[in-house]
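Two complexes come next, and they have one chain in common, chain A, joined by chain B in the first and chain C in the second.
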Partner chain A sequence: MPLRSSATTGLKIVIVGGFGVGKTTMVKSVSEIRPLSTEETMTRAGIGVDDAQGVEAKSTTTVAFDFGRISLNDELVLYLFGAPGQERFWFLWDRLFSGTLGAVVLVDTRRLADSWYAIDRLEHHGTPFVVAHNQFGEPTHTLDQIRDALDLSGDVPLVACDARRRESSKAVLITLVNHLHALSSARQVTS
Partner chain B sequence: MRSSDQELSWLLENLLQRTPQTRYALVLSRDGLRLSHTAGLSVDRADQLAAIASGIQSLSYGASVEFGDGTGGLRQSMTEFHGGLLFIVEAGEGAHLAVVAGEDADPGVIGHNMNELVEQIGEYLTAPPREPQQSSRL
Partner chain C sequence: MSPRLEDEVPDRLYMVTGGRSSVTDDAFDLVTLIVSEGDPTPGMQSEHARILRLCRSPMAVVEIAAELRLPVSVVCILLCDLLDTGRITARNPRPAPAETRLPDPDMLKQVLVGLQNL
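Showing the complex of A and B:
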């Protein structure tokens, strides 16, 4: 099993998705070390550029990347990199994606279109990913409806989560690790 | 910004003129948006530089918090790349001043002149926080 090739396996994981979907919240909630934060106060220069509709309480935005770490067990350590969401920071994504083994795409059903770009980029890079629906309030859509709206193929795992809760965020990461496992096992069977 | 945009771009052009080897100057908000820049920089490139400079400053704050005296204080960020230099200093509240210069520029002079400008007009180089609950107009 490639994931178990050494006593401690570090996996680089990126967390992507649109502006205000909860990427920074997720890295903060699961990290066991003090997360690197590159949050900056949103200024009036961003009115009309950074659309905070639906997340009006949001007062800061990520301008480089979030970084945190979580050990899932004695052997498996995830290094988490949260990408900045807005278009002006997309130039950073290529570097962030290099060496990445898997990704979490966070989606907010009020602004699903914001996640298309992330999914396109991951598919283009050939990076395996899972999609997590970060629930703000009462769910208004079923996972099947979200899968249809995103035009996700059946083999991409799709789960619901609350990015503010450690256990919930951790469950998303476990889903991703299991997905990576399944993909690598499938590859071994066919080769 | 109290100082008119025109006055500000004039001051930025003036900074380039009196600092050998400098190419562009830009004032940006801490969340990575262009506020004012010199004429040699197209709007697209100014947008790019604003995003880059805000990221560098933010990572530098992180370095200062973790490895400095803990206050997060920052004097300046400087990057030397093939073909040029990039300098960034804090300007007024919520804003940064960035300068791109040629490879052979004198970092001491650039830093000095940038800080001098900020001392003179830093209070005008600001990007106030958004009001809480303020949503976009889109």
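Showing the complex of A and C:
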């Protein structure tokens, strides 16, 4: 499905979390296109030209990430990226997070540790985010317990969701944008 | 014993970019929207021609990469060629105001309305 010719501005939200936490599922549940996948490559630092051979030493890491899109109105198009949260994918982050509106950290209570690095990185980067607890089966933890376990500050919104359901995923995105709106309004007043 | 250059099978990425590596990373964002300014011309490199066909309606850099099955960094090099010769235009995302580092509330309100209408 092509974009409208009036589309002028692409926006980004990144959904980050460990393997199997439901990132692709969430992208799919709200996207107007079938989620697409592409690759980003990083050439490792310190690579030069090997003078003896004239052949550039190849040391390239590739990671696949998927994305979907939502046309918000005639001009604005929102792209959702599912990004693996582990530390070894840090190079992908810098590219994804530059200019992003904000992030959703998806967590699975069976593997909370998978999201520690992502949360750390977002805080350090100053990227606003919300945390969504993707429920697999019966809830085993309260949101307060999860907040404690993640050592999450009180002003970061934390919600439960079922990434398979469109309404639920939509509610997560709305929570994020409301949070951004509150932050942005507050800063405009103080700055 | 060192391998000779001609023994190496050049990979597709090398062929597509003519061996250039990415130098213009910040010219395009993943969500920069690309629009063609004309039709492909005979003899044009096939990837360039495909991009021009794909971008008859605006298309984000990341979608072009997915369609062409090429890494984003390679697509950016191809786009640079096309931009330099005026065959495409690029609609770049608006950077957030430096003082708040957040998009302005009015724009966020539009995003919110768009999501609620989903």
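Assume the second predicted complex is superposed on the first by the 141 of 191 C-alpha atoms of A that agree within 3 Å, B and C clash if a C-alpha of one lies under 4 Å from a C-alpha of the other, contacts with A are read in each partner's own complex, and residues count from 1 in each chain.
By definition in this document, a residue touches a chain if its C-beta (ideal position, glycine included) is under 8 Å from a C-beta of that chain, and two chains touch if they have at least 3 such contacts.
Since the structure is predicted, the reported quantities are computational estimates derived from the model, not experimental observations.
Asks: Just to be sure I read the superposition right, which of the two partners does A:38 touch: chain B = first, chain C = second, or both, or neither?
Replies: Both partners, chain B and chain C.
Asks: I'd like to know which partner A:89 touches here: chain B for first, chain C for second, both or neither.
Replies: So A:89 only meets chain B here.
Asks: Which partner chains sit in contact with A:99 here, chain B, chain C, both or neither? Use first/second/both/neither.
Replies: second
Asks: After the superposition on A, what does A:142 contact: first (chain B), second (chain C), both or neither?
Replies: After superposing on A, A:142 lies clear of both chain B and chain C.
Asks: Using the superposition described at the top, determine whether chain B or chain C touches more residues of chain A.
Replies: Partner with more touched residues of chain A: C.
Asks: So which bits of chain A does chain B touch that chain C touches too?
Replies: In the superposed arrangement, which is not itself an observed complex, chain A uses residues 36-41, 43, 52-53 for both chain B and chain C.
Asks: For a test of understanding, state which residues of chain C touch chain A in their complex under the given definition.
Replies: Contact set of chain C toward chain A: 2-3, 5, 8, 21, 29-33, 35, 56-60, 62-63, 65-67, 70-74, 91, 93-96, 99-105, 107-116, 118.
Asks: Which of the residues in chain B end up touching chain A in this complex?
Replies: For chain B paired with chain A, touching residues are 29-35, 47-48, 50-52, 54-59, 61-62, 94, 127-130, 132-138.
Asks: Can you check the complex and tell me which residues of chain A touch chain C?
Replies: So the residues of chain A touching chain C come out as 2-5, 7-12, 30, 36-41, 43, 52-55, 62, 67, 69-73, 76-79, 81, 95-96, 98-99, 101, 126, 128, 166, 170, 173-174, 177-178, 180-181, 183-185, 187-188, 191.
Asks: Mind pulling up the chain A residues that touch chain B in the complex?
Replies: Within the complex, chain A touches chain B at residues 36-53, 56-57, 59, 61, 63-64, 84, 86, 88-89, 91-92.
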